[in-house]
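In what comes next, chain A is part of two complexes: it sits with chain B in the first one and with chain C in the second one.
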Partner chain A sequence: MHKSGKVLVMLFLLLLVFWFILPLLWLIITPFSKEPSLGISITAPTLNNFAEVAKARSALMAFKNSLIISIGSVILVVTLASTASYALSRSRFTGKNAIITLLLIFSSVVTGVAAMVPIYALCQRLKLIDSLLGVVLVFSAGFLPTAIFILKDFIDRVPTAYEEAALVDGSRGADLFARIVFPLIGPGVAVVAVLCFVNIWSNFLVPFVLIRTNAKAPISVAIYQFFTEVGIPRIGLISAYSLLYALPVLIIYFYVSKKYGFGFFGGLKG
Partner chain B sequence: MVLIAVFLVFPAFWVLYLGLTDQALTGVKAVLPSFIGFKNFQFALGDSFFYNALKISFLFVLGSAWLGQALLGLILALILYELKGVWRNLVSGAAVLAWIIPEVVVAYLWIAFLDKDFGMLNQILSSLGVSRINWLYQHPVLSIVVFNAWRGTAFSLLLFSSALETIPPSFIESAKVMGANIPQRFFHVIFPQIRAILLTDLILITLWTFNVFTPFLLTGGGPSFKSEILPIYIWRTSFKYFKLGYGSSVSAILLLINFGFALLYLLAQRRRKRYA
Partner chain C sequence: MTWIVFEKVGKRFGNKWTIAGLDLKIEKGEFFTLLGPSGCGKTTTLRLIAGLEIADEGKIFIAGKDVTRVPPQQRRVAMVFQNYALYPHMTVAENIAYPLKVRGVPREEQEKKVKENARRLRIEHLLERMPNMISGGEQQRVAVARAMVQEPNVFLFDEPLSNLDARLRLEARRFLRRIQKDLGITAVYVTHDQAEAMAMSDRVGVMKEGRLIQIGSPEEIYLRPADIFVGSFVGNFPMNFIEGTAQAQAEKLFFQSDEFKIPLPQNLKIKTGEKLTLGIRPEHIEASSSGSAQEELNGIIEDIEQLGSEMIVSVSVAGKTLLIRHTTRAELKTGTQAFLKIPSSSLHLFNSEGKRLN
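What follows is the complex of A and B.
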């Protein structure tokens, strides 16, 4: 490459790096700033803004709601998806491939945006509006197809010899599944749980549409309400709260990408 | 074996059935009202706001998914392939951060970044002698396009980077030895190798970008519907104006468009398998 060409490429890269990093700086600096504003003001670091979060009742409630929703959905998805994918992997019947293809199409076509109106209507009929259970069910249904795919792949790779040995030893049904198959697909379950948790934790649209009262809102909706409510938004509180909210996702991501490599999330988020 | 099959398959299938009904119902529900009353459809097709939203959605996909995420991701992946080292970690690290932080938080980051009086972008511009611009009001579509490109480039970047890694370095080396310049190397050596992945990436990000709701958090679709992409239009008609029936027929149109993309994706996959 020519020298001038190399300099140009470097300048272009530098510009892009700034473009990527500058908006993020606010999240790192403002939560610790004494005069939090929409601009960047660097002062001696303080934890005042975090203290404000700890004092805000609605902020703490939202944290609890987010945990209930995410963990509840993860448990439901993992149990249902592992049993369903076991059945799909081990049994042979006509139309099996059709079911799998159908699931694939559904999971990509029925996005949150396309389904929000019918889901709302459905929840209205089931009296699940403004209920955490409703949100958990909607999330679980949305994640099941993807989870079943991933887990079926894992189960396909487990040799049936283990199950046959257990059968000979007199293990049956649910017991066989819980003691033999489930532990063998541990890594797959971890993948599904992590993906599911991160996506549900970050989701805004579903709870935004389904939850009506502030006391039941998860963090994503709470932050939105903090900055749309009348009066001057409490920027210090919002920034500190945003950082706390993003932290679990960041920690999980860096832990996982260190362990399994960068491409882990590829193709599955969205 | 039969016993186990009955024991396990039955509960599993009941579950599967539940999972399916939930989704199938949404599908059927989305379509049924439009069969009962074609009026909703007619209204949508005669509503200028619908075309407005459709037009902005296409602009949004073209700008942020194709020109932004895919092209930028490809250029970045190519540059980083040659560079490696610190740069690579820095750029892909920043891109990934932008990609994984929850949407509400990134939306707020951009509201702060673009703010007219305090925002960092305007601070920098005014120190360069450019007058301050109220980005979200004066250029709402540009703002959400740039925002969404920023948000989603990581996916294309990671995908292309790993695709480039699979090309045997000897291909590129021998092209260099034979004196091929950069465009020649790209079009004759690299491009044929990553064509299939390029196609997959384009279809996927188009589908996702078409269905993204995050711009709502930045502009709320405004000012005066100037940045109202289709998902925000559906939300507005259904939950702000409470026209659930009408909203769901627009959803049905969106579902149909999505279905088209999914079919394209399946076809592309099948072709890829055949050539592999």
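What follows is the complex of A and C.
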């Protein structure tokens, strides 16, 4: 290829990169701007927008609701999925493969918008409309198949020798699971926890449909309310809030990759 | 005192019986080795003692108690695994303390015992390390320390030396045996390495296809193998086997094959014409470069393998190759004639089913 050809390709790629990076730039610059708009306007940096967020009671409530929903679901999913996948990985019973296949189907097919109507109907009957618990249960159920699938793969790769050694050493069921198996699948648990947290944190549809009162809305839904009385979006508030909204996810990513970014199995020769 | 008893124990996986009708008695304080090729059921037998497998038939007793259906946690046995199975997320000290911790031993006592055992095994300097930061030999010591700390009824060893290099293995053999004798705890040891079994054990049980073929001291097993299988499996060099028949001549019985004619001891129940297999260990044949061709067995030296302190000489006698272990620096040369002396006391006679006759 000619040199000019190479330059053209590079220019095209740069343009592409710029195109994708533009929203991110907006997210980083606008919250600190004095004249926030939908364009990128660079002014002297200010924290006014954040001060306004701090003043908005509903904004802080939404943060709390988001944390309850996300962390609650993650705990539920990790607890249920790790124990379920341990059973699926280690025990032999008829119909085991059928269950795993069903999980695979459920995890990839029956989710998302298509399921919203029946889920709404179900929650209504269970009196879980406008309740954070309802949202947590819907999210947990939605992520369980995938989580079980991922964790089963991790447990399959843990040699049974560790568990046998622990049995002979005197451990019993729950103890064995908590002290030996669970720590050994730590990286898998981290994957599942991050996957669930990030997805639930950013999900809009489920809480939007199931939550009725503003005080119970998570951030994704609350942002929707940041309009003036006449329906003009308050860009400064939205952008500052969006940046805060993105922070937990970023922090989790860095933390997990730092903690689990190394090879794991040792102490087992052979 | 009999410490471990197997009564007609059977274990099957699917339709295949891995262990069948196993009877075994192990004495208190004994170092007992289960020896056999892979797949012979020796590891399954060990796991039956540990409780990691449950017998489908028969009964198992430890220290006078029927433990056939007792789960492993309640058997008070300690096991050293082939791959050591040190918990990778715990430090060496935590690994050693684990059996105490799960049994609710107070913390100060845990620490005391961990220190005590670490000192005994000379691994004190490793206590704060993670298992993947220490060498194979050190990992093995940690695994032994974790077993010792429990003060168990029985030590179980599942080929614990197979992952060590040759030199370390020799050292570990002595060290394990010394520890076992010091503590006086009954040990059951599984290996496929006959040299290891011979060197370490008070008694050896040789297994094949889920059955115990022979139980005895290392000496007995070596000197009087119960059948062709034991004869060929035990010993540093493979036993020579020669097939032939019993022949009577002038009221005396002889072993007769294409190559050999050797007088047989007279007190055996052997019928004339019976098919026999003669076993001779390479170390029991004496070879020299001079002798009388009339009176002595002789052949042509095909090959000499130098092993340093000894050599393995292959001698072709009437088309049949015999292996001879030779320790003196005698003048043996490839292609020359060798004269062989076989003391009749070191002959092993087996019948057509491979069972020992003499």
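In this section, the second predicted complex is superposed on the first by the 244 of 270 C-alpha atoms of A that agree within 3 Å, B and C clash if a C-alpha of one lies under 4 Å from a C-alpha of the other, contacts with A are read in each partner's own complex, and residues count from 1 in each chain.
As a working rule, contacts are C-beta pairs under 8 Å (C-beta built on N, C-alpha and C of every residue); 3 or more make two chains touch, one makes a residue touch a chain.
Worth saying up front: this structure is predicted, and the values here are computed from it rather than measured.
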For A:144, is the partner it touches chain B (first), chain C (second), both, or none of the two (neither)?
first
If you tally the residues of chain A touched by each partner, is the higher count for chain B or for chain C?
B
I'd like to know which partner A:246 touches here: chain B for first, chain C for second, both or neither.
first
One more residue to check, A:63. First (chain B), second (chain C), both or neither?
neither
Touching A:26 in the superposition: chain B (first), chain C (second), both, neither?
first
Give one of first, second, both or neither to describe whether A:172 is in contact with chain B, with chain C, with both, or with none.
both
Identify the partner contact of A:183: answer first if only chain B is touched, second if only chain C is, both if each is, neither if none is.
second
Shared contact residues on chain A for chain B and chain C?
167, 172, 265-267, 269-270
Which residues of chain C touch chain A in the complex?
50-52, 71-73, 75, 77-79, 81-89, 95, 98-99, 102-103, 130-133, 136, 139, 146, 150, 156, 163
Touching residues on chain A, where the partner in the complex is chain B
1, 9, 12-13, 16-17, 19-27, 30, 37-40, 80, 83-84, 86-88, 90-91, 99, 102-106, 108-122, 137-138, 140-142, 144-145, 148, 167, 172-174, 176-177, 198, 201-205, 209, 219-220, 223-224, 227, 238, 242, 245-246, 249-250, 253, 262-263, 265-267, 269-270
Chain B residues touching chain A in their complex are 1, 3-5, 7-9, 11-13, 15-16, 18-20, 22-27, 29-30, 72, 76, 79, 83, 87, 90-92, 94-106, 108-113, 115, 117-121, 123, 150, 155, 158-159, 162, 182, 204, 207-208, 211-214, 217, 230-231, 234-235, 238-239, 244, 247-248, 251, 254-255, 258-259, 262, 265-266
Can you check the complex and tell me which residues of chain A touch chain C?
159, 161-162, 164-172, 175, 179-180, 183-184, 186, 264-270
